[in-house]
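Each of the two complexes below includes subunit A, the first together with subunit B, the second together with subunit C.
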Partner chain A sequence: MFSVILKDVALLSAIGVTLAVIMVIAGRLLSNYGQCKININGKRDVIVTGGSSLLSSLNDKQIYLPSACGGRGSCGACKCKVDSGGGPLLPTEKPFLSKAELAQGNIRLACQVKVKSDITIDIPASIFNIRRFSATVSEIIDYTYDTKGITFKLAEGEMIDFKAGQYVQLETEPYNKVKQRVARAYSISSSPQINDSLQLIIRYVPEGVCTTWVHQHLKIGDKVFLTGPYGDFFLRDTEADIIYVAGGSGKAPIKSILEDLAVKGTSRKMTYFFGARTLKDLYLTEHMKSFEQVFENFSYVPVLSAAEPTDNWTGKTGFVMPYFKETIRDPKNTEAYLCGSPGMINAVTKALMDNGIPQEKIYYDSFG
Partner chain B sequence: MKETPRDARTRVRMMPGAITLNGFIGKDKRSLPEIIAADEVKLQSLNRTATEIAERMKYFVDASFSTFDGKITIEGIYVVETEVTRGYLQCPYSHGGKIRKSTTCLTNTKTGVTVTWTAMNIHLIEDHGFFEGKGSTYRLEPEQLVKALF
Partner chain C sequence: MDISSFVLFWAAIFTSNILLTNFLGMCSYLSVSKEIESSFGLGISVIFVLTITTGLNWLVYRYILVPGNIVYLQFIVFIIVIAAFVQLLELIIERYAPALYYTLGIFLPLITVNCAIFGVSLFMVIRNYSFLQSIAFGAGSGIGWLLAILMLAALRRKLKEKLVPVGLQGVGISLIITGIMALAFVGFSGIVQIQ
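Coming up: the complex of A and B.
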């Protein structure tokens, strides 16, 4: 009786092993898609080995679509147009697509599209400028109790070409309980004229995987990877007056824009409102004030909403919005550039529009 | 109550370092269905539903976005402040979509109860009935929430 049971178990095991081997062989044969051609914008072909996601296939060819989740289908940043060869839309993609994008029918998440045959895609030309950079931490400055400025020196021979106001994604290394790399977006705070290094301003976020790494683990000499540049928050080339409004680490892109203008020169009237709660939340004040000597018509206006008596603050108080009126001379010929939280963007946009600035001239980089 | 394979995969994504630094489980040894079921029982005893609670939390967050910065008093008794940081998080249930990174602190001056929640808390409560495990950084006790929100 016992030997019969053993024989049956052995037979079942043998069948199981045989089926597994057949499945592995079949998988290798059937999933061998060979060489596939990705046609980009009808202008450029890249040849890839089929079987991988469109996102990673493009990455292998140094074409970097934005992605904050590393291709796990959870950030929705890698949208692109797939005109043919992408297969059907997957349920994992639908939550990330708007009604208009779903109706369009060809908007896909590159991380969810598997390259199995020739494929035709359409991506913004600016994507070709996005690269993955190896860099070394060269400077760490404590701007406030919770905000650091980190300078990254790009690897020998590497140069980044970006517009002031754009951002990069910083990749963390595994540390403590964090077992995998994550990528997080931060605006570049340095001038585009310095193209062999870049600075990011990073505020500590409790529970934040990346900011905890930056604030508690990153040190001078550490090697990191950055991908970019991304984003369409940059100064429009007009003669209109400018109002900048920022809070917290929202100072980063405005700093980059001002440093860029300091090199290029401008006669535009510019006012920069920086909203903070207390004196200890202000930083780079002297640097920002120094632009008043650089530009013929610039003023930096820090405004504290909850100044402590010990701050001995003699500057403007409350929120920034009531001070717009006195600085706007021609609302129809004024642009505004905002960087901060959704609450700040909402309140400031409303106040600017109440003062007559057209909505289409209000540009913002919202945290949320 | 046993975890399904899907629950087990979700639990892995809820562990420290996967999505957030300290995760969503805390020191809670119960299975996900057990945690959810226990909170559901508590909610029933309080005559509230997870949907009602999530809707109320969203109401306060939206209202707090009407101010530039700092605290706002709503309905005369709720002092609310929301802080938003850059970027989004994915839900540990991995169904797609992205959740803003924000923290809201609400004090009910009538009951004296203060609660702090994230945008992720609202999503987890509304869509999954999950108030996080005991001891996790953003665990919300249903009883405290009800005392603060209503």
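Coming up: the complex of A and C.
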């Protein structure tokens, strides 16, 4: 009896194994497409081994298209333009494409397109741009007693192409008892027109691994590594009114956005609320005020929550939230850009929504 | 069975249509029949896979399962053979006939789980067909399946412009239509009978 079972199992396994071996050999022979060239944005060629999906081929080359489902064709995040070599559109892609994208004809899901020959693709420059830069500290400005503006000069010949409002990750070097490197995200505060260097505004956080390193160890001439640019916190190209709200080092991305707009020009109504505790927490006030002359309809409103009697503060006091109402003309046609601590973001988002601003028009980075 | 392969072929298409008399392969029949072009593509793939896998399964049954005395494992073995063959076919078509791959190849994964394919292999064993009869029966069943899905797809295209009661829209009305088509096909049964 036992030997019969054993024989049957063996026979069944033999059939299974034989078929599996055939499949493996066939896979080797048939799915081998040799070396294929992927031309990206007409600028750069990468050579990959054909046979796998465009998404994973690009990942292997450190080009990371967004993908939430990991290439199973169920999220639609990995859309990109395939100009040639991608074959016809597959029924598995259709459900994820809008009418306009279908009409365009070259929008594909990178996870469904197989690389079987040379292929030409177009991906947003922002994705292509994410890189690790080596840079040198070229300037350190003390904005306040606890906030520094640090300028990093990129290595010779390096250029960073970013949108005003995006952030980079700064890698720390080991110092004192901190043995490992850490990376922390900071918004770029300099204008995107300058692309051979960038400035970050970093506020000292007691016990903070990175801010302690920056404030107590970083010197002019030090070499660091930055990765980026990341993030979709950047000005939307509409005609809507804008409210900026920032606190502490949250001034950085707004500064970049304003400096960018000063070059490009705008007639949008903009109000910038900056929340701080006391007068000595305010910085770059003159610079921000100067934008009131640059733009047709801009005002900078610093608000102090705990002004000292010696500050002789005559401006607005308390929290920023009560002052939104008077500046909002049409809540449905107003965008808000926030940068600050998670607590501030939550409170401000709630106040803005109470004032009728749609949630999808409130933008912020969520890295806290 | 001493029925000739030629008769069996025609019988499989009309009098014993795998879909309309046995109601096998219903899932893809109902879901893909929304478009005539897709239906045709899937139908052609079914014909091809059905013909080959029936032959393959006959060989496996006759020369491995019966001598090895493991006929009771036929369900598992048939499914593995079908799955492996479909996978292999997909690789071959993708490599050597890209155009065909984009029209038919994408349906192949659907076919692996099409019970008409499996059903034909089982009928072949139950009815004790010879190799030639099995091939004829497989090909005929495939053509019959294509015929059925094409008819439904054509009718569904017409239905798009018709007022169908809300509760019957989509699959509901498709099943009723399939039932009426099945009745019509019973009309052929006087010509030849296979069991």
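As a working rule, the second predicted complex is superposed on the first by the 239 of 368 C-alpha atoms of A that agree within 3 Å, B and C clash if a C-alpha of one lies under 4 Å from a C-alpha of the other, contacts with A are read in each partner's own complex, and residues count from 1 in each chain.
Everything that follows uses one rule, which is that a contact is a pair of C-beta atoms (placed from the backbone, for glycine too) under 8 Å apart; a residue touches a chain by one contact, two chains touch by 3 or more.
All figures in this text were calculated on a predicted structure; none of them were measured in a lab.
**Q** Give one of first, second, both or neither to describe whether A:S84 is in contact with subunit B, with subunit C, with both, or with none.
**A** neither
**Q** Regarding the shared-chain residue A:T92, is it in contact with subunit B (first), subunit C (second), both, or neither?
**A** Both: A:T92 reaches subunit B and subunit C.
**Q** When the two structures are overlaid on chain A, which partner does A:I15 contact: first (subunit B), second (subunit C), both, or neither?
**A** second
**Q** Between subunit B (first) and subunit C (second), which does A:A306 come into contact with in this model arrangement: first, second, both, or neither?
**A** Touch partner of A:A306: subunit B, not subunit C.
**Q** Of the partners subunit B and subunit C, which touch A:M23 in the superposed model: first, second, both, neither?
**A** Touch status of A:M23: second partner only.
**Q** With both complexes superposed on chain A, which partner does A:V205 reach: first (subunit B), second (subunit C), both or neither?
**A** first
**Q** For A:P342, is the partner it touches subunit B (first), subunit C (second), both, or none of the two (neither)?
**A** Only subunit B is touched by A:P342; subunit C is not.
**Q** Can you tell me whether subunit B or subunit C touches more residues on subunit A?
**A** So, of the two partners, B touches more residues of subunit A.
**Q** Let me check the overlay on chain A: which residues of subunit A are in contact with subunit B and also with subunit C?
**A** 92
**Q** Show me the residue ranges of subunit B that touch subunit A in the complex, using the header's touch definition.
**A** Going by the criterion above, the answer is residues 15-23, 64-70, 82-88, 90-91, 94-98, 100-103, 137-138.
**Q** Could you list, by residue number, the parts of subunit A that touch subunit B in their complex?
**A** So the residues of subunit A touching subunit B come out as 68-69, 72-76, 92-96, 176-180, 184-186, 203, 205-209, 212, 247, 249, 275, 277, 305-306, 319-321, 341-344, 346-348, 367-368.
**Q** Enumerate the contact residues on subunit C facing subunit A in the complex.
**A** 38, 60, 64, 68-70, 73, 76-77, 80-81, 84, 87-88, 91-92, 94-95, 98, 102, 106
**Q** Over in the complex, which subunit A residues touch subunit C? Could you list them?
**A** For subunit A paired with subunit C, touching residues are 7-8, 11-12, 15-16, 19-20, 22-23, 26-27, 30-31, 87-88, 90-92, 114, 116.
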